[in-house]
Every structure is written in C-alpha cells, then in structure tokens.
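Please go over the structures that come below.
You will see chain A twice below: alongside chain B first, and alongside chain C after that.
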Partner chain A sequence: MKYVDEFRDPEVIGRTAEEIRRLADPGRHYRLMEVCGGHTHAIYRFGLKDVLPPNIELIHGPGCPVCVLPMGRIDDGLAVARQPLVTFAAFGDMMRVPGAHGSPLEHKAKGLDVRIVYSPTDALKLARANRDRHVMFFAIGFETTAPSTALTLMRAKADGVKNFSVFCNHVTIIPAIRAILDSPDMRLDGFIGPGHVSTVIGCRPYEWIARDEGKPIVVSGFEPLDLLQSIVMLLRQMREGRAVVENQYKRVVPWEGNRAALAAMAEVFDLRPYFEWRGLGFISQSALRLRDEYAPWDAERVFSVAGVRVTDPKAAQCGEVLKGVLKPAQCKLFGKECTPEHPVGALMVSSEGSCAAYYNYEHRKAALPLKILTPA
Partner chain B sequence: MCLAIPGKIVELVPESPHLATVEVTGVRRRVDLGLLDDDKPAVGDWVLIHVGFAMSKISEREAADQMRTLAILGEDAAAMEEVRGYGLEGKEQP
Partner chain C sequence: MAHGAGGKATRRLVDGLFVPLLYDAQIGSEPDRLSDAARVAVGHSDVAITTDSFVVTPLVFPGGSIGELAVNGTINDLAVSGSRPVALVTTFVLEAGLPTETLAAEVRAMGRAARAAGVAIVGGDTKVVEHGKTDRLYITTTGIGQPLPGVSLSARSVRPGDKVLLSGPIGDHGITILLARGELDLEAELVSDTRSVFPLVEALVAAVAPGLRWMRDPTRGGVATSLNELALDSGVGIHLFEEAIPVRDEVRGACELLGLDPLHIANEGQFLAVVAPDQADAALAALRAVPGGEGAGAVLVGEVREEPAAAVLVTTRYGGSRIVDMLVGDPLPRIC
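On to the complex of A and B.
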C-alpha cells in the first residue's frame, strides 16, 4: 500500500532522527513526558528509544484511563453489580482489571450479569430492551470518551429511561499534568501532548504549561514519524529559548477542539472537589461527576456506594511506575507475578499501560524497530 | 476504547436525526452524530469515530491516513472488533 511505504520511508525517518541529534545539546539531559498512553504504546512498539540519542529520555505519563483508576472504584462498581437485577456494562478494556475481589470478568464467571459494550449508547439500549433490570454503565476515560457518556445521559433523561445509570469515573487531563508539574521529585523539560483528548478540548487548555511553567508542549499524532517530528518541534523551541503550544497533529486536532462535545460535558457533569488517582493520590478538581439534574441516573446516588479505598498489592509498585520514578522492569513483580496474562496491577492490563507495552515489546523483544537510512 | 476509527457516512437515519449508518472497511454500523451538532456531516462525508460517536469530520485522505495509523500500530483488528460491536439496530425503541 502506497501510504505504508510512504510512512515507512526510512530516509524520512533517518532525516528526522538526524535532525533530533543535531538539535539536542550533548551537554544536556532532556526529560520529555508523553502524556497519552496511546503514545506510550507506539513508543515501545517501534523501539523509538533506540532511534533517539541517549540524552533524550521519554517519561510515560498518566494518560491511560484504566491505569489511573484506583482499585476501590472497581470494587465499588462491582458491589453495585452484586445487587439483584443489576447489569454491569463496561468497555472491554475494563474487563480484566483486577479489583480486590477479582476483575469484572471473574465476577461474570461467578454468575454476575457483566456485559462488554463498545459504546455507552449500547448500554442505554440494553436498558431499553431489559426493563425488568437496571443497567449500570461503568464509565471510564478522559475527555475522549466523557462527551459520549454525557450525550448518552442526555438521551436517557430526555426519554425518561429509569432503569439506566452511570457509575462515573471520568477524569480530566489538565489537573493531572498540573499535579505532575507540582510534584517535587519530577523534573520535566517538555510534553508530547495527547492526540485524541485534544480533538475534544483543543490546544488552548495547555497554554498555561508554556506560559506559566515555561515548558513547551506539542500535541502529537501516533505514528513513529509523528512522534519524532514532535520531538524535533520540542527541541527547536528549547534551543530557541521559547515555550509555546504547538500542534503537530493538525490533520485531526482543531485548535479550538469540539464545541458540541464540550457543551454536552458541561450540561451533564460538574467537577468533583477531589478524586483519587492511582499512583498520583488525591488531585483536586480532576474528575467529573453527574450534576444534580442527573441524580436519578447517577449510580453513586441511586445505590449506596461504600466508597472503599483499597491499597494496591504490597509488592506492586504501580504508583512509582505511573509517576515515572521507576521504569516498568524495575518493579519487583514485573514479568514474574505480574504479566499481561496474569496482571496484578492495571498498568499490565491495558495495551496503553506502560508495563504491558514494555512487556509486550521490550521484554519479549517483539518491537518492530524502524528501518533508518542515515543521510549521507 | 481510545481508538479513533475512520468511517464514511453512507446513510442518515430518517426517523432518528442523530443517527447515521457508517461504513468502515466494508462493515456497516450505526453511529451517533450528536457530538457534531455544530457541523453536521452529510452522506459521503468521512468522520472519526470514538466509542460509537462521530467526533470529528475529516477528509478522505485523512481517513486513509488514520486507517494506516491503526494498521501500523497493530490496532486495526481491535478497531474492527469495536466497530462490529456497535449496536446494529437503528431506531432506539422507547
């Protein structure tokens, strides 16, 4: 296929890699965070580390929705599912995430009505088709999926569907970036900004990172060449002493985002005063909950939810890996007790989790390294 | 869940103005257009789909680029599994 050949053009990759080496000051160590889990996956899949000079270090950020969800939320959601005549619906990514008493899939095996849906509207359809049951959609995700949950709730309210609710775990990316920048043990030089979240929120919400924190941020696409180009753009800014928001992923991300999606979120959600993130702790105003007008569809209000807090398995060091303090392989359980087949922590479950990505591509040596032609 | 899947609008559902039939590499499914209210797509337009909702209008070239991105990332099979998983039926029964 023409496009694949074009993209894999080893000369373009070679030229871009060369440009990175030219721009990077050999006397300086660069720590760049890719915020989005999709980027983490791509970076490991293509062995980008080997293309970059050793003084450019990529730090994996918090942008994997499954990974940052504290275990207690899963247990709370499954506690609702154990009530009579309740159906628990969630995206496939959630199904193997361990709670303290097993994953949703393991609860299904024990006889609970646990369903995979690919869209929140399909959970609503389940509710319409099964009036004798209550269907609870266990919602996760950043701003990429939150508008879809919001619009589904607007439809449920408009049609007065009473046997449907949402257990809302939606989080927002900006407060997580702020928490990371505020963390004293984290020194970062710049950010590779998330791609799909930015189709919704646009590029403006990142402006404070450049203006107030003096860190450049480049919203990036997901192909190896996108990521390499974004690194070039970051290095150029640093070399010129600038810090601004740039958009490398213009083919998909509009600067202003998606107004209708933001309006749907504003109609349905407001900010929780605080929310717990796995590895990052409590972050204020970092998550969404249903507004009072949507209380009849808010699973946390319809059912009494205990609000359990569960500490992660003692030996697992998910928190340190999530914060970028440890590399995946430095965790004591990595590749031993904790593998993608038998995950102990959430970072091993999702393909966007840094542990799963590291395990699948580096540990198993299954990366698809880029062919590079260095310009003569 | 975080996949952005390109699809072509082949039909608007007359009885449900927010629904459209899209085609993704030969597979036809219903998606929701409610998040593109500001700029409603028409039959023949290409869109990027997230969890059953069209999230942005794109060009045919960008759609081909996005399909290629999914293939390069090894996520094309997961994307098609997701598309096949979207509900088939059109009008949501009250």
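On to the complex of A and C.
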C-alpha cells in the first residue's frame, strides 16, 4: 500500500537498525522521550523495541490527550450531558474514559444521548439535523485537533447555529514538555518530537529545547522507519555534540507549520491562565478556551459547569508513568485492578496511552527469549 | 454493548453466567463445550446444534444483507464444528411499520443462501414489537448438522508445531459494514465476504481429517479473538507471521486511517484451521483445489508453539513482535 509499505520495508528497517547499533555508544545509556501518544502506540504495535539495542530506552511522554485529561473534566462534561435535551458528542477515544460516575459509554448504556463523531464538523451536522436538541462537542486534543474545532466554531458562528456548543479541553504541547523538563526526577537525553502537532505548529516552537536545555529533538513520522530514522538523527547529534531541532517528517511537517490552521486557532481560542493536567498538575498557559466572541458556543458558559476536581485513585501511579519515571508495568495496579477492560487510570484507556499499549502489545511477551520471536 | 461484541466481555458473560447456570454435562456430549456448535446424542446418532441472532445495521450492505448473513452465519458455525449443515429454523423479530418489501427481500435472500448451501429452512416464528422497541428487523437462525465422520476437533488437541491456516483475506465484512453506514466520508470498492464455508471445510476434512485439530470462523472480534480463545483453551502460544496474513489494501487503508487492527475486524466467510505439521501442505492444496476458486486465498499464517503460553504473538518481517489480545470493547457495534 502506497505511503505505508515503503516505510515498513524490512530491508531498509534492518539497515537503519544496524546504523542505530553503530551510532549508539555501548558504554552509554540513552533515554529518549517520544512526546506523542501516537508514537508510543506505533512503537509497541510494530514491536520496535525488539529492533533497538538494549541501551536505548524509550520514555513515553505526555502526548496522549485522553490520558492527560483530569477526571473532573469528564464529570463536568457528563453533567452537562445529563441536562434535558442535550446530546454529548465526542471522539471514540473518549468513550471508555472513566469519570467518577462512569464513562460516556456507560452513560450511553443508561440512556443518555452520547454519540461518537469522527470530526467536530460531524457534531455540528448533528446539531443542524436535530434542532430540538443541544449538541455539545466534548473537544480534546493538542494542536492537532484544535484547528478543526476552531473551524467548526467559526462555521457555527457564521451560520448562527444556536443549538451547538464546545466543551473545550484543548491543550498545548510546549508547556507540557517544559513541565517535564522542569521535573527534578527526569533525566532525558533527547526527544522524538510529535509529528501531527508539528504539522500545525511547525518546528520553531521547539528551538528552546535545543538551545536552552541542550537536548536534541527530531520531529518524527509514525511508521517504523520514521521512528528508527529519527533515532538515528538523535544519535548522530549526540555523537557530534550538537543539539538542534531537526525535521524527519518533512513529507508532512512544514518548518513554519500551517499558518491557516494557526490563524483559525487564534481567531477562536485564547490561553487559559492555567489548566490541570492529569499526572502533571496545574500548568500555566497550557490550555485553550473560547474567546469572548464565541461565548454563546462555549459549553462552560452556556451551562453552569461545576468545575469538579476529582483526585485519581490513590494507588494509581498515572503521574509517574506519564512523566516517564515509572514503566507501565511498575505501577501497582497494572494488569491487576487496571486493565484495558476495566481501566482505573486514563493511560489504560486510550490506545495511545502507554499502559494500554504496553498491556496490549508487550507485557505477556516480556519473559520470552528472543530466539522465538523470529518466524520459523 | 461490549458483552455482545464477541471479545473478552462476551467470554466472561458465557463463562460466568450461561455455562454455570445452563450447561448440563448429561445432555451435551461435546467435550469442548465452548465450540461454535454443541453435540447432542439423539437416539443412536450425534447431532450438532447451534443458534445465532443477527442485528446488523444497515440491513443491506455491499455483498449481502441480514438475510444472507443469518443463513450463512449459522451454516458456518455448524461447518467449523465439523458438521454438515442440514436444516435451519428461523425467528423474525419485526418492528411495527417495517415495509413488506424489506421483509420480502430478506426472506428471498435467505432462500437463495439456503439453496446455494443445500440447506433446508424447515420452520420459523414471527414476532412483531411496537415501533421504536427494536431496529426494523432482527433474525435468529438455529441450525442442526450431521457430524462428519472421522473428525475430532478440540482446542486441547492442539500441539506445539501444529500449523495455523486461514481461508482467505480478513476484515472485509467489518470494514464493509463500517463504510456502508456512511458515517465516515470514506469509500472503497469492498464487499462483505458473507458465504458458506462448508465446501471448504468439506474439502479440508476429506484431505486431512485425522490431522485436523481445530476450526473456527472468526466473526465478531476477528482472527485475534478466535485465536486468543484457542490459546486460552489449550494453553499454547499462537505465532502469527504478519506478512502472511492476507488483508486487502482497502481494509488495510481503512484500518490505518481509523486506528483499527485488521486482526480484530469481523469476517463472515472465512475460517481458521489448525492442522498437524505434516498435513499443512495437503490441507492447503485441498482448500485451493475447491471448485470455483473459493479456497484460492487459503494460506498458512502461523504456527503453534509452547510460548508465550495462552497468548497470541504476531511477528513482523523486520523482527519486531507484539502480543495481540482479544478485542476489548467494540469498535463497530452491530455488524452481524
């Protein structure tokens, strides 16, 4: 299949893995963080750890929007959904995320009007088709999905659609990376930069990471070869004592980002003074809210939202896993109380969450000797 | 909804509620109680019996409709339990106001599918419920079959070294249904694979009956769920070779876009078989020789090993590997 097969070619992958082994100093341990949950998922799905030398450790970053959403936000969103004649629309990723009183899917089973949509414009379509109901789109995501929410709101405003609103949970990636770097227990050698976020924001916003923190960062695609090539680029920088921003994902990511998308975001959103991230706590200027001009479409203003704060279950160590301090399997609940079927923490819900990815693709194979991993 | 999705929750429902409360070892003589059909002794002979309900939406989709699915689905459950499908009875649950022509079209589709498979539909029942209490039309079919001589299938007979065969490309049905709902602005030239697999099963049995260990049609939950059930029931590890698993580009493309794994997508006209190592070549030759080319896509996709115990492992061409679990939750509800 075009645009896929060439990035999964075993021969090229073999050569790239060889290059990684050649570049990696055997006397050194490398801790590289893949910021994006999509990368985490790809790393497990393609079994890339089996291809990497053992001294290259991949640390899973905070780039899974479902995972970093505090439980209280879900409860607030569902509280709106419980009001009469309200339809709750969200991406499929949100559906099994547990709130304090159950997930959106569990609310649907109890009779609430909960819909999966594949884009915010689908939610707007729902509103147009059901004028007697109010459709609230529960928006999540980094800069990847924020522009489509922005465009949808611009359309709703232009057309005067009154029975539509957005419960905005959009967050921005840079403050999260800063919080990770400021964390005292964090020792990282470099970053695999998020691919899809960068299609919107471009590569410039990462320059301080290289310049001020001295960490190389390579914006990467999501195919096995993309990720391996990004690791090659990181290792080369480290070997040469450089720390710069490089773009491996040039086929998709323009250096300056997507100006039209950024303009739409600027039109609709401004920064919240602070926002709570699951596992990372309150981070200032890390999330988006609707500008006053869009107040009639802001679910948090249209409905009275309680602003519930729910502490995570005590035993769950989502924060430590999210920051890369603990591996998923080191959490006390992993695979016991917390499984993809009955997730306690959000990292176990989203397929991009490191716990779910690890549980689904890795954990029962941990004890295997390597020789049986190759086809007979 | 997950309890009906064919994955982990379904299995828990069956193991935790239905089996303890309903299973009677005195009557059911099937040693592998969780196969696709049960065996019951009637007089001096054994009869295979199974039932299945169909609630798919939309009712009609490229390559088939609920009526065909209802016939082929039950035929396939009998076939992969090693039986020749003989007769079906059927129940219709209709929503008041269902257009007569919709029902007539589905009844015709059932007749066509049954005749094509040489199976009689010998009885039925109809219930109508108030408008809004059901979604247009649900069909249940119950089938009986005659166990094929010389066949003994059981997850427990599967041994390390055995080979895993697959009858053809996977994911066609699930992705066809998903696209037919029109909720995604995606289109593809793809049709459901709904068909009777009995001709293939019959050929396989004729060629390698003593070496045939286990069969299953991977419907809801897909190949991953069927093989996980085998791994759990037998304790062995199933190794799949990713590059050997046939997946059409349309299915792969849709799965890549939507973040789904083709191994979790439903099929309605394929089956998996585990055969003794020395029988794999003969089995594939027999499947591929079935008249009409229905088994032309049959391939060896994996093998049974001791490790990882009770799990399914997929290896990639470049040496990576991943565990593939049963389906959790339900990416595409009401697909059959």
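Here are a few things to note about the model shown:
To be clear about the criterion, the second predicted complex is superposed on the first by the 352 of 376 C-alpha atoms of A that agree within 3 Å, B and C clash if a C-alpha of one lies under 4 Å from a C-alpha of the other, contacts with A are read in each partner's own complex, and residues count from 1 in each chain.
Following the convention adopted for this analysis, contacts are C-beta pairs under 8 Å (C-beta built on N, C-alpha and C of every residue); 3 or more make two chains touch, one makes a residue touch a chain.
Keep in mind the model is a prediction, meaning the values are calculated, not measured.
In the superposed model, A:37 lies in contact with chain B only, and not with chain C.
By the touch criterion defined above, A:144 lies against chain B but remains apart from chain C after alignment on the C-alpha atoms of chain A.
Once the two complexes are laid over each other on the shared chain, residue contacts for A:363 go to chain C alone; chain B is not touched.
In the superposition on chain A, A:340 makes contact with chain C only, not with chain B.
Applying the stated contact rule after C-alpha superposition, one finds that A:92 touches each of chain B and chain C.
Contact with chain C, but none with chain B, is seen for A:13 once the two complexes are overlaid on the shared chain. In the superposition on chain A, contact of A:252 is made with chain B only, not with chain C. In the superposition on chain A, contact of A:128 is made with chain B only, not with chain C. Of the two partner chains, chain C is the only one that A:105 touches; chain B does not reach it. Where the contact sets of chain A with chain B and with chain C meet, they give residues 1, 4, 41, 45, 92, 118, 122, 224, 351.
Against chain B, in their complex, chain A makes its touches with residues 1, 3-4, 7, 37-38, 41-42, 45, 65, 91-93, 116-122, 124-125, 128-129, 140-141, 144-145, 147-148, 151, 155, 159, 195-196, 199-200, 221-224, 251-252, 254, 258-261, 264, 351-352. Of all the residues in chain A, the ones that touch chain C in their complex are 1, 4, 8, 10, 13-14, 17, 41, 44-51, 92, 96, 105, 109, 118, 122, 224, 340-341, 351, 359-365, 367-369, 372-376. Remark: chain C residues 1-2, 8-9, 183-184, 239, 241, 249, 252-253, 256, 259, 303, 305, 307-308, 311, 313, 315-325, 328-329, 331 touch chain A in the complex.
Remark: chain B residues 1-2, 4, 32, 34-38, 48, 50-53, 55-56, 58, 62, 64-66, 68-69, 71-75, 82-83, 85-87, 89, 92-94 touch chain A in the complex.
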